[in-house]
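See the structures that follow.
Common to both upcoming complexes is subunit A, partnered first by subunit B, then by subunit C.
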Partner chain A sequence: MKTIINEADPSVQKDVKIKSRDVNVYYGQNHAIKHLDIDIQANTVTAFIGPSGCGKSTFLRCLNRMNDTIDVAKVTGEILLDEKDIYDRDVDPVQLRAKVGMVFQKPNPFPKSIYDNIAYGPRIHGLVSNKSELDEVVESCLKRAALWDEVKDRLESPGTGLSGGQQQRLCIARAIATAPQVLLMDEPCSALDPIATEQIEELIHELRQDYSVVIVTHSMQQAGRVSQKTAFFHLGDLVEVGDTDRIFTSPIEERTQNYVTGRIG
Partner chain B sequence: MAIAHIVRKFDEELDRIESLLLEMGGLVESQIQKSVMAVTGQDADAIEEIFIAENRVNALEREIDEETVRLLALRHPMANDLRAAISAMKVANDLERIGDYAKSMARRALSISDETAVLNRPLESLSRMSEVVESMLKDVLDAYVARDLEKAHAVWARDDTVDSMYTALFREMLTYMMENPANISAGTHLMFVAKNLERTGDHVTNIAEQIHFLVTGDMMERAMDATQHLGGQDG
Partner chain C sequence: MVDLTALSAKHISAEAAKRARRRNASQTRLKVTGLIAIGLAASALVALLWTVVGNATGTIKEHYVTIDVPVLAEAFSPDGGELDPVTVGRASQAAVRDAMRALFPFAETRKEQRALSDIVSSGSPFELQKVILDNPQLVGSDVEVALVASDIADLYYKGFYGRLEAVPTSTSVRVESSTDSDEASVFLQQNVFREVVDAVKIELQRRADRSREAAQLQDNGVRAFERRLETASTDEQRAEIEVEIASRTTERDRLIGIAEALENQVQTAGTADTLDNRMPSVLLKAGGGWIKLTQIQQQTAQGIILEPMGAGEYAADEWTLLVNETPEVSRKVSDFQTVILEDLKDMQAVSSKFNMRFLSSGDSREPELAGIWGAAVGSFWTMVVTFLLAFPIGSLAAMYLEEFAPKNIITDFVEVNINNLAAVPSIVFGLLGLAVILPTLNVLGNDDFRSTPLIGGTVLALMTLPTIIIASRAAIRAVPPSIRDAALGLGASKLQTSFHHVLPLAMPGILTGTIIGMAQALGETAPLLMIGMVAFIVDIPEGVTDNASVIPVQIFRWSDLPERAFESRTAAAICMLLIFLVIMNALAVFLRKRFERRW
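Then we have the complex of A and B:
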């Protein structure tokens, strides 16, 4: 029975992008993530759901070593990106974060122009050699983030002057400017209105063609709409992972069922 | 089911749909029983009651549909709640059809009340067939309430008995009609009654399949194809 609920089973693997094995996270005495095994597939949107404090954001932040910046946080176990452990000593977290981009709950554009928000990453990572290449990157990222038409005539205005939904799309454009392979999104729509939310969701759908997307969301409807795989976390355990439609129509674990039906919070 | 929803109103709405469905089930159960009694001449007064119940059954089906659509739109039920909502609509639809068969049998009872005396023997077969169908209907409703998979599977399996009883009755009736052409009119009516009972069995079977989906999340036919035999060993 257990083998079905965690599809980290070799027989069902296909193009696994990120593989975690026996990952534990401690914040001081608090054991926030317990022995977590999961396979995250390429070109797939994986949603992490679960009540507040269940560890979903903590685990998401492990995937690009954002927990490194927290002194009391300790991560053990293996997280392999394309079979390479991202916690190995020779891995530079800055380089890693270029490959594994992140979008946060609250849009956080740099206090710079729209253009510079996108150009920043490619510049510091040396991904472009001249201005016209940079112009191309900025344009293509804004287009892929479905923002180009709205901002093409004011690329020099500050990014912070955009609406919330536009700012979030700007942050997505910024995240994809470093040509990442994985995009992590931590409740990317929770500060947005329904229309902006739909635009981001449509964008996530498009982004899946090129990236593996992992999204933490409090909205189960959103998880259902955007993801192909859903993982349910509870009290630091990964309770169940599976095809999204199965998780929302016939979950195997009782805890999953109680959560998705609104019986435990 | 033991744990309540955080939003209590959600439980109340689900409970309401369930209780509408049970009221409908109870009505349809007695409709079938009464219509067979009317046909076999045991209760000629029942016909009127069947027609009245039919209106209530139709109204209940509409109400269940409306309540379920509302629940889907406003509560976004998931997992077993979602399956309960979908199942309620489908089961209500099957029950409504069974109610139609009861009404159709009651109509035939009106036409054949004078002529059945000569057809005592086939009437006995018809009664036996209806006993099986009635017990299937009762059991399937019990299985629905209790979410009892084993009982639902058992009901599902009993439909074969109904089908063979129908075939036997058909032959029997044919014999009587060939023997004496005076039996043809009543015999034809009775054959339609038997057909209605047989169809009732099919709808009961649908409900059993719906219970399988409700409990397991799998479509029963697919599960049956996979195992090639009846379940009962699930879980």
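Then we have the complex of A and C:
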């Protein structure tokens, strides 16, 4: 059994939202995630860092079963969301994804109007009963995503016509419109310029009030800025988890030390 | 270890410059070849359109002969009561025939009367029948009715059988006719036949040459047998060969004799030249009558009276000499019919108008009555059936194979077979339709569906499906996976993702594939021949279960018919097919633009 450093500081201890126990992911012959145990807390931003190909995105995609769409991917172990194994036979991945929203690396708005982009989730999940409620949901989601002021006059124009940063905020607004409990973000800022990145980061700060946010990032500075907890992955292993400050200032594991100081990567 | 800085010096060497020149030269070569290829393709297209449209112009207008037809009460309404369509139809036929005969009383012999009845279409009495049934009060009066000209009359007026050219004359003519025969003699003050005689001499010389060629062939035969005679062994063989030589020599000498006689006639001026039906027709028009010249000699000529005229002297401006360079034997309009057609024109009875009949009627055995509309409507219904079957089945099959089907050996097998089916000759689908689908439909529908758009459309849909599936799969595969991720990430099910996002985005490609397949089906003939859509169908189909033909099959049938007027109708039908195709492609472009979205 490897040692996993999970700090239990009572002052910051919150409810555990997601718990993974002995999770393994195989892509055919490739053992991508090895015996991974982690607790992700509610109303916290957890950052996954690590060099390319270390399995952080793979694990993120396990959390809402997006790996199901890849034929060769195989997941073992258990991932508990609110103490319920999401890989259980009776769990419908479609319903699960409504509870665990996701924002992707590249902004991918639907080639529809801004309004329809946001309204799609509430519509298919029957979250609203009439048009005025839907209008309210769209407005509040766009406001939460700090996009309302920029697009309120052109809700019917295509979402693909926005700038990269705006598109990504639209995707975030779209993700929160389905009223998820957890928001997964897979390098949401890697395709954006510094100003857009800053806006998204502020947004993540805000979102923490209501959601558990898990963010995969390549940028250690970003992890330092937005997250409270940080998990360091290396070659499919979860090396170390802890408060972000501690991971960056006094990591326990040598590999973490090497990574945050830039010696491996 | 390679010294990279030394390598970089090669960028400025003479070899590098040469390499760049070669590279640029090959690029230029490719561009020029491409331009030539495009130019060739474009000129081929222009040539095709030029021929087809040029040929089709013969169908744009049709000719009518307007004459007064006496509508006799005792024939049209024998009992004086309500008009009976059958009686009126029969009476119309007789009335038109009698009116034409009354107009040209000189058509006395049976042959001449048959020639006369070929001037107006056999369908033209229907015009009269329709007029009378619509206006019963006209019975008992003379009705002016425009009768459709027959195909040969129409072609004559359009100039397909040569034109009558007037030979300039400035002399008077004296016509003498015998009382007991058709023959007439013509006497002129000057020799105006020079040009005609020249043409005749050329034709005679040509015949002499042909005769000599034939004689040469016989002579070759004689030589060959003479050689064989030298090697012959028995007397029996010798005798046989000598018989052959003798017969060939006689034939050769006969041909040489003919050639010499002809050459003699060509060389001697002033002899009487006989005009036969392989030579240009020379017609003399004077005093309301026509003479066809059969023999000419400087200032006199012999001829046959086609339309009687008064004998006597005609001043220079009272007669004309007309020549049709096309010999009578190589046109369907005889000189007698030419006279009638010219007379009708002089009577101002001939008019032409836009050929609406071609665009509005069904097929007919008579070229002047045949139209494309029946086939066009048949094509439309067939395409409706094809689209309704092939589009949903094809796009949904593609959707299933791309988005839902597991990737295993069975789906691989299906994929390979779909690709193979796209290459199966279309006649095979026709056989499938004949052997399987038609009997099945007949049993299910308890009716005979042979020759209907329903069965035709079904067969064409089967033929089109592989094309649509392949194109649709490509279009679905081209939808970026990020869109699927986005939808799945929002908690959309696979079905919702496919139909809300993937399908609309793939729609332009699917539609393009569908239209390509439909265009292919629209031009298809072979499978439809198998299931009876090649039948002769006059009625315009009113639905998918009526007997019908389609445009390509109509083209195929018309192109096979001997009447010359069908030539231009075939070309016009091809134009209609092209118009159909252009409309379908325009629709495809329009739909593609409508569904196209950026992502």
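Everything below uses one rule, namely that the second predicted complex is superposed on the first by the 253 of 265 C-alpha atoms of A that agree within 3 Å, B and C clash if a C-alpha of one lies under 4 Å from a C-alpha of the other, contacts with A are read in each partner's own complex, and residues count from 1 in each chain.
Definition applied: a residue touches a chain if its C-beta (ideal position, glycine included) is under 8 Å from a C-beta of that chain, and two chains touch if they have at least 3 such contacts.
All values reported here derive from a predicted model rather than from experimental measurement.
Of the two partner chains, subunit C is the only one that A:T69 touches; subunit B does not reach it.
Within the superposed three-chain model, A:K106 lies in touch with subunit C and out of touch with subunit B [touch as defined at top]. Of the two partner chains placed around the shared chain by superposition, neither subunit B nor subunit C is touched by A:G53. Set side by side, subunit B and subunit C differ in how many residues of subunit A they touch, and the one touching more is C.
Of the two partner chains placed by the overlay, only subunit B lies in contact with A:S250; subunit C stays clear of it. By the touch criterion defined above, A:N258 lies against subunit B but remains apart from subunit C after alignment on the C-alpha atoms of chain A.
Residues 220-221, 246, 248-251, 256-258, 260-265 of subunit A are the ones that touch subunit B when the two sit in their complex. Residues of subunit C touching subunit A in their complex: 406-407, 480, 482-493, 496, 500-501, 505, 597-599. Against subunit C, in their complex, subunit A makes its touches with residues 64, 66, 69, 71, 94-99, 101-104, 106, 108-112, 120-121, 124-125, 158, 160-161, 171, 174-175, 178. Contacts from subunit B toward subunit A in the complex involve residues 3-7, 10, 76-83, 216-218.
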